[in-house]
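Each chain carries a letter (A, B, C and D) given by its place in the written order, and its residues are counted from 1.
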């Protein structure tokens, strides 16, 4: 019955910037197994990165490069038309910057996950997904790319020879064709904590999710993204983890 | 008579940014043995870095991280009061970013050289020099730090256990106590090409330079910095290199 | 036979940034009647703006706010998905910033012209053109908006009650439906100086241009944009102006 | 007995940036009479500025340009070595940007107050204070400059013919020579709400404050700065205002 024996829980972390703080990183780090660390393009100045990386390493949480379009004021949530070569350069820069900080703290970057508008674009646009995959391939450390389960972008990266980690979202609504409902829609977010927990259990133990039209999607996720920037997010992430462990699923980071 | 059998020639490179170009990098790369590549904080967007690194690797020129204060509009030439922990984080970020791009091109960052106001501050301020040295030490790749020959900052870094490369400047005036004359002074720059060549020969073969008051300073430089952003800079660098080779000095990159 | 008795010549100016210079502003300012001054979002730091504004006022050249997406590294040439309220705020900010600098020099901002990707988007997207028009309307100084002659965006702004200045481009190829050929296409730029001069004469005296398929477009332009960032641009602009004046057209700024 | 019949209460507002929020602006705006609105250099993106200005105008709170060094990641709190002409350009840019947004909302910028490190530098450095005063003078709207009561900078600006508003700080410790205790010192902040209220009452009704060594300083402030970015700040500002009104002081904005 159990679709996967183990699952990774990832969350966006280190999204403060200078004097501005966002999210309750310390609590969230106690609940997840992988930290998508902002690398300075949408959030995460170098000092914030140093603190985030130290806190993650202390807890044995895996560190991933949360790479973004260069759009600080828009938090990386606005799509931009970048040339593939620009995306490749930007991704290499961000992975490297995080690795510089992480190796100084005794660790290593373990994976790459695009952020915000770059993620959404990569999920549906093979050119953008391919550029990210090319950057990861050229970087040469065998890093996996975390991408929406079932998406075109995931397939593109896999076809390019990059390791991929299909992921699902604990609290996001799905369209019948497996996309995330846009944040501008009412059904974008699942707001009931009980429902979030139930959805994640189903995602992991059955490998499926119910889309907004009631149809059942097969996901095959190996990581589940929980969100961190809403009140109660850390507590919910903890509930999700406990429920998974109670169901006999091993919650652990990838690789 | 020859003070050193070999010398490194370094220059600032990759200091374009987006649509703006600065310097004649291709010509300069044919003359020098080490490229101080801008890492995005004072110049050098990721795409520029990719191009600069490729051009340097093609010619066998060593790649160094030219780390700076975060001051794009001021080109890193304005002193800033950063906390040591901020400097450490900024330096790690920049070294890592350049390494990310360089390893993707088949190379590695070979050294670290502070830029502009950070360089001048580090030369005289042990706290700042110490912060840079700490970053290099934590980074852990045994990278040398290029710093003004005879400066407090050079000594600080050496005392901290970091490899140092004392450098002199081909076309900068020196005060009697071994500092560079401020760019705001008339005697900051040696403008005669013949004089520049003669000074470098003396720096390398005798290990000395004549300060603005006529006194003779002993430098002990193992690298000479030639500048690149003035018209004729590349040709002058080529002349310097030829003169050194004609004098029997091997011109080659460090390490 | 003369379609218009007078015409404005506009060019992008003040597109340097910090240590980086772009274009030969002083020469170009001697040829044009309106200066589209960059306002800091794609180029043009405050000190550059001060210099550009002083040089324009000295020559009696009208000053316009060349407003852009916030994308310094991309020089405002990459389309971005901004919400209308973000565009309104960004445009007001940029007009105001330029006015602050211009009034200190004894002048006033005389018009608004979007830059790069924002221009191209506004030309075809009524939501974006409407947001810019809304900002201009709220600003309340009756500033005209310079926009592509015959475009949807021009009509949108006019319908919103904003004064509009239809413009044509001296050296850009036109599609049969009146759009500019994308810069990625070979026919994007008219490179022959003689042809540029002939095209402008025709644009102004007949009000038409020949599109890339040979069809004749009616433009009705009241301003012609000449480019400034290519070698020889200022000399070409001067030739265009002389040719117009020789043909009996008064070349003068708007308003 | 009452030193002044009326007093202004000012606070830093609009210091959010993009996705990051800072301070409880709406509550604070109910307590103060003047809003120092961040202009984008240390905080306050254009969209935040639009919201802040609208909220201030709605309540009849005066709007001031809180001008800063260009240092977003450092929140303008790190001193920088800018040339006077750079400061002039930066200040004009920021005043103008805020005025562009404010006039679109039906108001006008009423004063200028430097922020953070620029404020502290201006208080003690006549060159920096003079540059800010020059910008205000060139801007030409007769805007007053808010500056530390009794400081060199206040005098410099007054000597330059700029209107000045001497201000004191409700919750900051004073050195015997009238400077603010550095934020790095323990006595930098007065943390007891009761003491803050008592200090402000004394500042306003007697015109004095007790320095950290027990000596009594004469301040002559016409505005008192209350802080906004700490929990309870808005409530404390409201208490201060009520206490002043109960003591018969009219609390109203300047000009």
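Just so it is clear, contacts are C-beta pairs under 8 Å (C-beta built on N, C-alpha and C of every residue); 3 or more make two chains touch, one makes a residue touch a chain.
Worth saying up front: this structure is predicted, and the values here are computed from it rather than measured.
Visitor: Name the chain pair with more contacting C-beta pairs, choosing from B-D and A-B.
Guide: Result: the pair with more contacts is A-B.
Visitor: For copies chain A and chain D, work out whether under half or over half of the interface numbers are shared, and give different or same accordingly.
Guide: Same: most residue numbers at the chain A-chain D interface appear in both copies.
Visitor: Could you grab the centroid distance between chain A and chain B? Build each centroid from C-alpha atoms only and quote it in angstrom.
Guide: Taking the mean C-alpha position of each chain, the two centres sit 39 Å apart.
Visitor: With chain centres defined as C-alpha means, what is the inter-centre distance between chain B and chain D in Å?
Guide: That gives a centre separation of 42 Å.
Visitor: Mark out which residues of chain C touch at least two other chains, giving numbers and ranges.
Guide: In chain C, the residues touching two or more other chains are 45, 73-74, 86.
Visitor: Quick check on the complex: what are the chain B residues that touch chain A?
Guide: It is residues 40, 45-47, 49-50, 85-86, 88-90, 92-101, 103-105, 135, 138-140 of chain B that touch chain A.
Visitor: In the complex, go through chain B and note every residue touching chain D.
Guide: Interface residues on the chain B side: 70-71, 73-74, 78-82, 86, 117.
Visitor: Spell out the residues on chain A that touch chain D in their complex, using ranges where they run on.
Guide: Checking each residue of chain A against chain D gives 16-22, 43, 45, 72-75, 77.
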